[in-house]
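There are two complexes below, and they share subunit A, which is joined by subunit B in the first and by subunit C in the second.
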Partner chain A sequence: MSLWVDKYRPTSLDQMTYHKDISSHLKNLSNSGDLPHLLFYGPSGAGKKTRITATLREIFGPGVEKIKIDQRQFQTPSNRKIDINTISSSYHIEINPSDVGIYDRVVIQDLIKEAAQTQQLSSKATRKFKVIVIHEADSLSKDAQHALRRTMEKYVNNLRVILCCNSTGKIIGPVQSRCLLVRIPAPSVQDIVDGLCGVVAKKEKITVPTELATHIAVTSKRNMRRAVLMLESSYVQQYPFTADQNSSIPLPDWEIAIIKIAKLALEDQSPQQLLKIRGLIYELLSHCIPAQTILKHLAFYWIKSVDNELKTEMAVCAATYEHRLQIGQKAIFHLEAYVAKFMSIYKRFLLDISSI
Partner chain B sequence: MDDFFKGKSKAKKVDTSRANDVASTVPWVEKYRPDSLNKVCSQSETVNVLRESIQSKNLPHLLFYGPPGTGKTSTILALARDMYGPELVKSRILELNASDERGIQVVREKVKNFAKTMVGNNANESHGASLPPYKIIILDEADSMTEDAQAALRRTMETYSKVTRFCLICNYVSRIIEPLASRCAKFRFKPLPKTEMRAKLTQIVDGEKVACTEEAIEALIKTSEGDMRKAITSLQSAYHLSTTGKITDATVRDMTGVIPSTVIDKLMDAIQKDSFGDIQSVVDDLIYDGYSAAQILQQIHSHVIQNPEFSSLQKSKMALVFGTTDFALSEGADEQLQILSMNIPTGANYHFFKEGVKPMWEDSANANGGRWLVEYPRRVEKDINEKWINTMLALIGESYQDSQNICGIVFSNRKTCYRFSMWTRSPDTSQGIKEIGETFLKYLNRDKSNEIESIPFNRHVASRGAKPLFEAKKQ
Partner chain C sequence: MPPKRKAKDSTDPPRKSAEELGVNVIDPNSLPDVEKKSFNFMAIKGKGEAANPGSKEIPEGKPDCLLGLTFVITGELEGISRGEAGDLIKRCGGRVTSAVSGKTSFLVLGEDPGSSKISAAKKHGTKVLNEDALIDLIRKSSAALGDAAAIETPDAKPEPVAKRPRAKSPEAPIKREVKETPSTEMPSRKKIKSELPPKAIEKSPQTPISKEAAAISELWTDKYKPKSIKEICGNKSGIEKIKIWLESWINGRPNDKNAVLISGPPGIGKTTTAHLVAKSLGYDVLELNASDTRNKSSIERSLRDLTGNTSIASFLKSESAPLNKKTAVIMDEVDGMSGGDRGGTMELIQVIKKTKVPIICICNDRLSTKVRSPSALQVRSRIMTIACRENIDLKPNVIEQLVEATQADIRQIITLLSVSKYYKNNVDCIPNTKYALYFSSSGFNKKEITHGPFDVIGKYLNMSNFNSQKFYEKVDLYFNDFSLMPLMMQASTNIHLIGNIPKDQLSYIKAADDIASGDLIDKAIHRSQQWSLLPSHAVISCVGPAYHVRGRHNGMYTFPAWLGKNSKTAKSFRMLSELQMHSRLFTSCDKNEMRQSYLPTFYKTLHKPLIDDPDSIGDVIRTMDDYCLSREDWDTLSELYIPPNKGADLKSQISTKVKSTFTQMYNKASHPISYIKSSAPVKADSGASQAVPDFDGIAAEDDSVEAEDSSGKDGEEDDDISKDSMIKPKKAAAKKPRTSKSSSTRGRGSKNGTGRGRGGGRGKKTAS
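Coming up: the complex of A and B.
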């Protein structure tokens, strides 16, 4: 028994319920016999990976799904051995270079050259080229991306690269100009509702009231994967669904904890309160909640709850501290600084108001 | 017997079709890569110099730099083919790019060994004229070479200059260490001009028999910004994507990830109205739709720069904000927060000054002067026009006793407040200045709303938060 998310993942381009035009474009592309290098980008849970696998299936047929997991070993220039897991079929190789950190350049250089210099041998193959799928391409180091540049041109006869990332911002220009950019927008609320009520509910033989589906779609922040997970968890909690079940859709624990922090800071702005919050933040961090997530959730909660006049300032200071968090080392400093900054801004505002 | 031959011919046919197959899967970028210097379009100065140097057989070390897709690699490959002919080109050239290991070790061994070998100068009869007596080492993407590796090249370049020429290719010439750069003849590759791009694209469109509208080509040229490779890749993908077989400008724009101008207009509207709710909803939509922050930034930038509504001062302030945001983005900051916090200062300043006085502190009339300052927070002051009109009319109507000391008046529209400042000349006669302040205050309070008790005066040069020099009280 698998999770609904995996169970109802579409396997072909025709089964995709939303962004029909992108699906039909991809279908045209894969049937045309030629395929440019592709760069898929879009927010998480929009269906990038699903579309990539479906496209591969469209190109090579069901043989793509016979995958095996390999452990490959690479040697860095300083003679260190590194291992990376690759998922491959006889037509394609998938890698996730973020596993190897700063050595991703070596992996890219070796793996791609190796794949590129061997021609497609299988007689059943419909295409002359192999495909390399690189997930999380935005975490590729600059060096590794440079290594991709000329390789992508040189071995174009027997190799195509599919990159998958959240944003094109971190992909260098030269690589972008060699790829066809495919933007996958997040599904709209309506798309998610259709997906939940139409596909999942029908196959699972349950009824999902539209209000509930809409509520899930909105709280999932237009993330299909999360929406399906939420539906399943509320199904486990209580079935049959009632229309007013909205309130009982469980938020993840960490989100509740973050909201608690946000509320504490709104209630009272004092060093004692800061100390209290600090303990809570530590607790969150020790449960491996990424600092970025904490900061972002805090920021949006505060932006939502403060006066209009303060909103811009809130956004600016959230952005500043988020940036520092990215380049800094120790997350707690920046999170605490952010909370303190918020308190000072908010306190000043309250004093201003009361003095008028 | 017949069958035997037939069989053979059949086999041959299969072979050729397979070759055709390979040819058809070659992207147009490769297919239309120029194979001789004469076919390199644009970059005429560079090409002319290179052609001269082929004729005189005296090629300097080369350094090509310029943005991606301007033909740097193509030019040097075409040059090599012209010089050595298609057969010998492989043995006379060593091409190393960022995908090869290029640490100091490789420079010391591989490059040096290749550089050492001598070549004959009349090895190839078929090519006609005798060949130049040197080989070429192409170091593509040289800006990603380490500094140590570059330093290791220095002496190598000189020692073997008799038998080897180097060609460095990079995007940013500043990343090449000075000693290397000074050993090379530098050629800058400019983004391609529109006419040349159009010519080349039309040529490809004709060559591939693609149905493509004029507007589509126009859109390709616009979105690629002088990057030929991007334009051709987009053209080919558009060709594959289009269901009807005809490429229109809509397909092109769809594919290149350009944000529709209506969305940008909406965002700019929200920013100008300074309504945070609107900004947030537009930004959320943009991020959920998967547009990249860099793209948003770039499009807002071009929108602002071409907009005559903003003064140059405003534009420069905005440029500062863009710079900060772009920096943060390139360091990996969160896209949503960054775009949301792009606090674009759209507030304006209105200056009303005497003839001959510039509204700058540096102006001789203002240099020793100061200003009376008053601020109205936006949350209390709803209609500022009345006050502005009153103060202006008072100024024009010579209602001030000491009016020769007045330089002008500034009204600033800010996010949180409105600000008036009355600029005066040097405050040596405190009496005159005080009178100006009192009159100024009188006219500000004339409409009987939000009356102010006293206003401060300070010199322009006084530091922020300094104690006011004078104060004018309500009479």
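Coming up: the complex of A and C.
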């Protein structure tokens, strides 16, 4: 018994319940016989990958769903052996080059070229080209992206590239200009409510009150995947749903931990407190919560809780440290500096108030 | 301080006593008893600092004004730190020891004195000075000395006069030494002297004089290289051991070990010892040191012939050569055999195993230092001999300082002496004490010492240490270990601040900001290899934060937690990526989404039923199989989950019985796996041959579905139905344990023909 989120994932473009216009565009594209390179972008949980799979299915038929995982080995110029997992069907290959960090260029060069230089062999294929799906394209290094540029043009007969990322900000211009940009916006609250009550609840034969669905949609930050998962965890926790269950919808563990840090910094501003917070940040980082996520959640929590007067300053300082986090190396240093900066701003504010 | 240094140098020149000079001396018996305190390392750590530095005017003090007096300092002084006080006394010719004995002249008393020293002073009736009195004593006695010098110049400097003829008759200084200090001569020192054979003293001084012209171009370190075993300072027993070992070599067979390893700090005579011992026993020496290439082939070339052969080699060499000539191999600087000398060490080991000639290996660093540095006393006599041969007047206490400054590196002392000779044209007219000042105050002769990270962090964060260092010294500290110091700083700043009252409320914030900026530089250094940024990194990552948070020491400095946390993070990500890959066929998310969205739900759905209902184990395993999760992934879940508070961890709430049943049940059945690692030895090249039986193992349905799938481009709706029908039988079938794992690892011809093993993830869906 798979989780609901996987059980009820739509497999064809027709089954999509929201962004109908995008779906019809994609359908037209895939039926037109030719396909440009595509760049899907949008927040997580909006349905990018679902749409990519559905599009591929539209193009190649259900054979696309027969996927398998391969582990490929590459040798870097420095003679280090790296492994990367690829997911492939006979028509497409999905890779996630960010798994190999700074060696992603090698993967792009070798794997994609290798795939691009061979023609589609299967006689049953409807199209001449193969498709390579690159996940987490925004974490591709600049080198790798440059390696991609020429390949995309040169082997256009054999190969289409579908990039999938959260934001186009980190995709270099040349690559963007070679792709058709497809933005998948986050579903609206109503879309999620419809999905939860209309699809999941109906198929699972449970009743989900609209208030609860709305609450879940808001708490999940309009992330469809998270919303369905949250619905299921609250179902595991308590069923039938009651009207007052809103409060007991469990937040994800890591969000609770981040809020704890934010509260600590609001309570007291001292070296001891900073030391305590450092321990908690270490804990989050070592449990695979990315530093950017921590910083973002801290910033939003603080901006929400501080006085209006401080809000702009908070935003500026969050942006500064987010930037430094990107160009720096040791995340903890910057997160700590950010917390310390917040403490100093907040403390100064408190002192000003008490002196009046 | 080693106890032997407590001995008092009682070369008492005629001088006025402290009382005569009108210095305020305290009777020890008038002192109150100090209660013995329990030893507290942390309390001691901050001690020895001047409470109020610069509050008193410290006299320069004439050299020799305290000659022959021994001091013990206890407690915290007010205007001068203990170290500085000690230096001052030494500069004035006095001695400073650590404990009070009968030979101690004065006990210098500060705040918070040690109980044992006070009681010892009472026992021995030692005179007690407070800080003011000490300064007074120095001031007055240097004044007295100056007077004396002014009046009776010829008599006041008896020593240079007495020493001058020493250069010509080498026995003179030693005899005189003995005469001068008959009562206090340490027994060990006498022994060393007596061990210096008259032959060596008689013979060797002739060399520099007779070959004076040649000697000018010669390095002193070579010139005064010991020419016989007896001349080597210290380590008698070690040398004896080597000698015995070498003597045991008879006819190309040792009766003990094949090789010997000498280790110890530089400049204490390891190479010399090896050469001399070998020479004294009539061995020919072949030396290989770091200047030779010592990789595998070259060692083989140069040593194989030699070590494999015995006397026959010399037999063939020439008629006139003595037939019994033996050879020894000295491998110098073996610890330098790395990097470029690929395979050299291994080859050396091989050679040692088979050798027929003795091999002596020499290195600096070994875990335990076998060759100890000779003590100051042992070195002194040697240096004295050299000094008098080169017409340099050196006083014993100067030598002692030299030994201390160079950490008993004889080679370096000799080099220093030779440099100072050329530096001052006329050595004779320089007063002895100038050397002492010259050596101890000018930093140039100070041996570079590597500090441990904990020492360095102390030097940064301790207020007085920080203030007393020059800027470049602070930067230099960073270079003791430039990869670790920023981390140490980050780990220590906040801990250091707790309990300290910083001058600035926001100092810790500034420090955190500096540390973060330092990281940006660090990244720039490593990304674009701009190592010239290191000094800037030093300033921003270490000196800056230290400036903000410096203060009194409290608490321990901790080892940077970052290192551990970082590797833990890497490990967690590895586990997460495994989890994601295993379930990848059925989920559609990246690692972050897996962690942030799926994991909390997985965690609950795979743990909660086990707590509520022990019979649900089957269901849990089925869910895991649906996602191809392994038992390890199940552990990963709880490891990556952050329980909101302690005790809320669901895994710990599962009873042990259920847990073990769960493991048993899981292990009993075979489970689908989504892929096989290419590194797995299952099939590197036998994919095709295995494919046939594997296909047999799968139900025939699979083939038909595959055919249907691949031909299903025109009938998608039909395929959907067939897919649905595929899911349903699987669920029914899942209750039975899978027949064999191999059914899910069907080999498939890969598109690019690499022939790597791969698992057909979908295969198991149809297994029934």
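Please note the rule applied: the second predicted complex is superposed on the first by the 335 of 356 C-alpha atoms of A that agree within 3 Å, B and C clash if a C-alpha of one lies under 4 Å from a C-alpha of the other, contacts with A are read in each partner's own complex, and residues count from 1 in each chain.
We adopt the following convention: a contact is a pair of C-beta atoms (placed from the backbone, for glycine too) under 8 Å apart; a residue touches a chain by one contact, two chains touch by 3 or more.
It should be emphasised that the depicted structure is a prediction, and the values quoted were computed from it without experimental measurement.
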item	value
Superposition on subunit A - do subunit B and subunit C clash or fit	fit
When both partners are placed on the shared chain, which of subunit B and subunit C touches more of subunit A	C
Partner chain in contact with A:Val218 - subunit B first, subunit C second, else both or neither	neither
Subunit B versus subunit C as contact partner of A:Tyr41, first or second or both or neither	first
Which of subunit B and subunit C A:Ala315 touches, first, second, both or neither	first
Angle, in degrees and to the nearest 10, that opens at subunit A between the C-alpha centres of subunit B and subunit C	90
Touched partner set for A:Leu229, first subunit B, second subunit C, both or neither	second
Contacts of A:Glu136 with subunit B and subunit C, given as first, second, both or neither	second
Contacts of A:Leu266 with subunit B and subunit C, given as first, second, both or neither	neither
Partner chain in contact with A:Ile289 - subunit B first, subunit C second, else both or neither	second
Partner chain(s) touched by A:Ile327 [first = subunit B, second = subunit C, both, neither]	both
Superposed arrangement (fit on chain A Cα atoms) - minimum subunit B/subunit C Cα distance in Å	11
Where subunit A meets both subunit C and subunit B, residue numbers	327
Of all residues in subunit A, those that touch subunit B in their complex	24-25, 28-29, 32-34, 36, 41-43, 46, 77, 108-109, 112-113, 128-129, 142-143, 146-151, 153-154, 156-157, 167-170, 173-174, 176-181, 183-186, 221-222, 292, 296, 299, 303, 308-309, 311-312, 315-320, 322-323, 326-327, 356
Subunit C partner contacts - residues on subunit A that touch it in the complex	1-3, 5-6, 9, 11-12, 44-45, 49-50, 53, 57, 60-63, 65-73, 83, 85, 87-88, 90, 96, 99, 114-115, 118, 121-122, 124, 126, 135-136, 223, 225-226, 229-230, 232-233, 236-237, 250, 252-254, 256-257, 271-272, 274-275, 278, 282-290, 293, 321, 324, 327-330, 332-334, 336-337, 339-341, 343-344, 347
Subunit C residues within the subunit A interface of the complex	490, 494-495, 497-498, 505-506, 508-509, 512-513, 515-516, 518-520, 522-523, 526, 561-562, 565-566, 568-569, 572-573, 576-577, 581, 584-593, 595-605, 608, 619, 622-623, 626-627, 640-644, 674-679, 706, 709-714, 716, 719-720, 723, 731, 748, 750-752, 756, 758-762
Of all residues in subunit B, those that touch subunit A in their complex	21-22, 24-27, 29-30, 67-69, 73, 97-101, 103, 105, 140-141, 144, 171, 227, 229-230, 233-234, 236-237, 240-243, 255-257, 274, 276-277, 280, 287-295, 328-338, 340-341, 343, 378-380, 415-416
